[in-house]
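Quick notes on the structure that follows.
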């Protein structure tokens, strides 16, 4: 019963928050609402006994992701309300609602299955985090490593893209200009060395 | 060398073309003549060593290509393909000899040599895929020739030519793959060898579909009504050499393919489709002749006349008897010679006046008597006068089809009337009457270079009209084999009735039957 | 309490990861080199990348021999799945990458090649794709896909001009949406089967006799949308032309080949068992998608004014064509898929490289994109060899025999015919005819029009020896494909058949 | 009323569709990225729920990796936005139509 | 004898080729002499062959294979038998004369060499036609003479009317040739051979309808060449050619090829008397029909042409009634006097500077005495006055009709004989008698070269004697091959009444003609504007009808076929398909508007569409499953 109440409560909250995120014209509202929504979602994880996931959710999303977005918002100067030109706003909502209705139509049906033995059964005797660790470092070791690579890629990408070297585009410069530019920068570094 | 003569014939021009990139453009024409000459003599040598008494394939060569899928490089010739190959090499030579083009001659020569490879390849191929390869590849040089050296609408014409034929042949490709699949189902082996396919007896309903698929490819190439509209554009826009080779050789691919594929592979379907196709052929004959009559451009007249003549060839092919098929094969060669010559002739005045409109001419007979004479001879050959090359073919084709249907032949026979109408009226417009245009008064008669190309054609047109035996005999032997094969494979009673059995009757003689 | 898990190293088959690890190590090596000394010439990185890719290829080929001896190898808790498909696709991925990476050695300088990170990301991307194909775990596929995609977005953006940013952003955003689709689809399948491994899912579904058909279709729908995006199926294709146009020709060519082959392998794993299990819906939908993709993109390609965009649409069409293999689902068709893609790689490599060597830095007046048709006008006069080679690639793409793609097309249509998809075979054939028009259009411009003086000096400026070598390789491969077809067919059939496809 | 898996799935669906609406609706790229986050979060709820009701850790694993992916996407996406913004001074996607047709 | 055969056959060809080599160069009388000499050689060889044949032999050679495929075997085979040798004699005689005559006639023409080349080529074709031993060989000659006829009618190609007439002749002949080809096809597929001997030996075993059709088709072929109604219009127009051509081709030889065919194929026609009767009826009709047109015509050559047509009608009557030898006999006699008539007309034309209207001539007998004599002689022969050739051959046909009890035919032919006499002498009277009307036009006529007159002399002699002298030996010879039927009216009284009556009738007609035209020419306006006069003068409006009914609609239809059907339907459909595809692309590629938002929407739309389909399918699937339960 408690679960049900909690479910409905948080469901309403997340839906509300995310709706605000999607519908508001204030970027700041949107960001805040999303952060709140993320936290509410972690509540589901706790309800469902996925403690580790809940923790991760709060740390990663509200910690890292939101910080990034907040930084982005400041950088892009979108704290004021954004004027978005829209065509057919109703169409979008109808399409989304239609998708929802269609999926719900299917999802309403109970899942009939005879295949109940799971690959990694949840053992209630073991703490969630520990159990996750067991699975993560055996079966999902490779994805884990790959995820590390992915994060490395993302890091490199972020650094490279936001780096200063992107300010001047060699692609658009004629070869002579590039040569000139490089010569001058070379001079400058040498000067710096002298100092 | 004798064992590999066909491969040499096919790939020698291509190799020479590649080497031709090195040749300086001043020497390009001479180089082209040399290569085409060697190729022509090789093909003549092929004729020399060909045994006309053997009805089957000769000089067969085989090499695995994609053996996993049953594709082999398989070439060989019989009496049917031999002469078309010689015709192809001959016309390449003639074409290069009488080349008057001055723009980018080297490109032209190289293109022509590649084209020669594909032409020889098509007629020598005995593997469906190899056939298809050459068949499609032949479009490319032709596309370039029309598109780069053609008239004002050249791009439209060349692209239309390419796309139209390409579309048809893709449908044909599907048919070929189907055929191979049936073969696979029947034998557990993939094979694209035509000779292997010959052994396969398909149920009649499959034959229908496959026949239709192949028909699309062939009919567009021929071109049969109503798929013919690319041809006038292609001819109208192409430079002289392009038209010559297109008319003389490329169109023959379609009719040749009917004889090589459609008839022996699908005898029942061929018989079932005989009359619809005959109707199309008759429409081609009469309708194209009428359209030719209405033309203002002399080249278009010749172009439409090609369609009309191809109608007769188709009719002969679908006569399903030795007379008709031999006749149609012979007519392929005949039409090649004659229409090739006519296009060369049109090129002669085009070079002088840069127009092909008949209204621009008139009275040329007095200004250019030799030209008029040669044109006249070729026109009469085209009209099918006895003792010219066309007559033998036309006569045999119509004779053959008469066995199948009296009334159809009667209608189709109007070919000789309507043919005369458009040809004579065109000749009259261009050559007869007073010289009205000032520019025409001092036109030069055919010069030596042009004669070099034209005289051999005149000689052939008459020689083979008077004495067709050296060509007709090998054709006959091979055609007899095909007809017998068709008879043996025929399943429907209709087909058995329509396709004569050569093995029992030996010499047909209804006189003795009647006794 | 959990018992400690003891795993013997031998049973892990760590070597199954060797190819990917080589690529990752290569990337790290490049980063390290940069750490020690920056400002080194790009050729160094190209060669280092090439070396590692060579090792990578060696490892893959080695697995190939192992596969032929012992069959499918599983490793790392069954996370890695090295079957025939994985090996074949990895070979294509690595070989294509090896051929594309030297395209960095242009004579002009472009922004991205100034970054050692570019080459590192390139190798990471390859590793990502390799992981993606060498597993049947949806999680793994997802991460591999994302690794590769994120790297790819960056590579596009690194070209550093507004069009490439635009392309990257578009690609990224749509990719994010597709990632959502993938996740949701996986979730639905997981909900009904309790597994995220494709063969488990298949078993489970079969066991339940597809009782939850609604869920199954829901899951497939989302996955179809996700892979429709990756494989640029209509209507999920909209990114393709823009991204191709925005990125450098070299990268565009790469994108037309490698990500798609990875996508195809996953799609084969995901959808073929469903097709075979008689999910009629999927058959119908795939049929429609294949036909619409082929036809619509062909039709759109007709009206393009930029060659690169045209090639983008054409590659959509080719992808649609190949997608038919998954619909047909026979060994022959799957073999055809790999054959087609292997041949397509070389031809497309050639075509895009030809664009790449003609790349000018700044557009002239009246030019709105990098490679308008007019640019190639009269090329036969100014650069005959280049024109002939380009024409060769166009003809091959159009499926004119005996050039490379013809054999692929023929085999694919043959596969359709053999499985009774006659109408499909006809549609495939007719589409080739439509496609021929736009390939011809370029040939028409090159061979039948007068050169345009304005473009005169911009031809081939970007060419370098290595680029010409690549073009040479592509041209030779395209012309003499016929020799390679038989051995390719034999090997591919062996691999595909022994993987149970 | 007992909570079932279906409840969670429906919730997940609704959240996902909100995300879809956002993706379709947003013209500001930054805010569009918010919507993509919603998509992935919606799936995560479902994953965790299935994991719970199935008694299987795989779902949690999946959700875990999805979070990782989401994080990476943010990094790359923001990187792209930064260069785009630096070049044009805008992050409105209606301005981003130089390629079409 | 083979040597003579080949000499007779090929010497014209050799002459033609040699003359042809000089075709484009300036006049050299050498070509004329050479070809004439070679023709003389041919003539002599024919004479030798004639004696050989008269001795009861025939020559049959097979030179070489021509077409052989399947069961078809057609050689170049030549046969010299009683029929062909007769034809050979006619052909070589007339052509030799015409050749020699032409040396003078064409002496001022630019195309002198070309003319002789064509003329000899014609003779060669004609020889092939008559000497061939099979139907296809005959067809070679058949078309060959058609070609030469085309060349010679259109000899003055700068004249529009000449080229038009040439084309008309060729095309009309082609129509008939088609029928002939069909006939040949029928023979081949029914009998397996085209050799005369084989065909004729086995023809009787065929079913009646088949023989009938063969006969009909072959005869249609003959109708074209012999210009029988309704394919007759070309002959009158063919007079555009040089006059020697008219003499040789359009009077003596080529146009009689049709008769020759029927005679040659007599075993076929003997089997089908009904067809024979039809032929005879048509022949009689044409005889009268042509004669009526000749009555009023104002063109000298056309009058003679119609007379030729009329006489061909006579021949067909004979042939149709089975009197093959009579037909052949008339053919021979007619060749001589009609050629003579034409050559005389040629002299007149030369003298009158190519004026053809006899009403503008008159009184020429003073200045052209010999021509006058020769033409009068020919006209007398044509009219059938005893003892000239015409009497023996033409009256014989009348007798045939009478004996065979075809009285209608007989009376038609009889009336026609009167008309023939009338128009022949109308012509003679107008040209040679009366006032010298030509002086008004400033023309001073002169006699032709003497050697031309000498050249005509043999014809004149033959026109006089051939009937009387040749009849019996000819009969004896030719009936070896042809049915030997003697057409004698057994009742002597009837015979004499008929003979004398006919003679009187003819003489009356001649007298009337002289009376009406020999002195002064009165033009009776009223008669001339009358319906019948106009009808006849306009050749029964047939050329006009043909023009309106066939030529013009054909051209219009052709233009329609090209401009409306070919370009606007057939081609437009093809282009339409291509354009539709292209335009679809143009219309729909705006879907790719470059806006990320709509790209995303497209993705979602795709998803939703798939979802709809999925839900629908699920619902359907469940419904089906429920029912199954």
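Observations
For clarity, chains are labelled A, B, C, D and E in written order, and residue numbers in each chain start from 1.
The definition used in the following text is that contacts are C-beta pairs under 8 Å (C-beta built on N, C-alpha and C of every residue); 3 or more make two chains touch, one makes a residue touch a chain.
All values reported here derive from a predicted model rather than from experimental measurement.
Among the chains, the centre nearest to the mean of all shown protein C-alpha atoms is found for B.
Each chain's centre was taken as the mean of its CA atoms, and the one lying most distant from subunit A is E. Interface comparison, D-E versus A-D: the higher number of contacting C-beta pairs is recorded for A-D. Computed centre separation for the pair subunit C/subunit D is 26 angstrom, with centres defined by C-alpha atoms. Note: centroid distance subunit A to subunit E, computed from Cα atoms, is 99 Å. Per-chain CA centroids place subunit B at a distance of 65 Å from subunit D. If you average the CA atoms of subunit A and of subunit B, the two centres end up 69 Å from each other.
Shown for subunit C are the residues that touch two or more other chains, namely 139, 143, 146, 150, 153-154, 157, 160, 169-170, 173, 177, 191, 194-195, 214, 217-218, 241-242, 303-304, 437. In subunit A, the residues touching two or more other chains are 92, 95-96, 99, 103, 105-107, 109, 111, 116, 118-119, 131, 139-140, 143, 147, 150, 153-154, 157, 159-161, 166. Of all residues in subunit B, those that touch two or more other chains are 163. This structure has the following touching chain pairs: A-C, A-D, A-E, B-C, B-E, C-D, C-E, D-E. Subunit A meets subunit D in the complex at residues 3-4, 7, 11, 14-15, 18-19, 21-23, 27, 30-31, 34, 37-38, 41, 44-45, 48-50, 52-53, 56-57, 60-61, 64-65, 68-69, 71-73, 75-76, 78, 82, 84-86, 89, 92-93, 95-97, 99-100, 103-104, 107-111, 116, 118-122, 128, 131-132, 135-136, 139-140, 143, 147, 150-151, 153-155, 157-162, 166-167.
Those residues of subunit B whose C-beta lies close enough to touch subunit E in the complex are 160, 163-164, 225-230, 232, 287, 290-291, 293-295, 321-323, 326-327, 363, 365-366, 369-370, 373, 380, 385-387, 391-392, 395-396, 398-399, 402-403, 406, 409-410, 413-414, 416-417, 420-421, 424-425, 428, 431-434, 445, 466-469, 472-473, 475-476, 479-480, 507-511, 514-515.
Per the touch definition, subunit C reaches subunit E in the complex via residues 169-170, 173-174, 177-178, 181, 213-214, 217-218, 220-222, 224-225, 228-229, 234-236, 238-239, 241-242, 280-281, 285, 296, 299-304, 434, 437. Taken in their complex, subunit B has these residues touching subunit C: 64-69, 107, 129, 132-133, 136-137, 139-140, 143-144, 147-148, 154-155, 158-159, 162-163, 166-167, 170-171, 173-174, 177-178, 180-181, 184.
Those residues of subunit E lying in contact with subunit C across their complex are 578, 581-582, 584-586, 588-589, 591-592, 594, 596, 598-600, 602-607, 610-611, 613-615, 617-618, 621-622.
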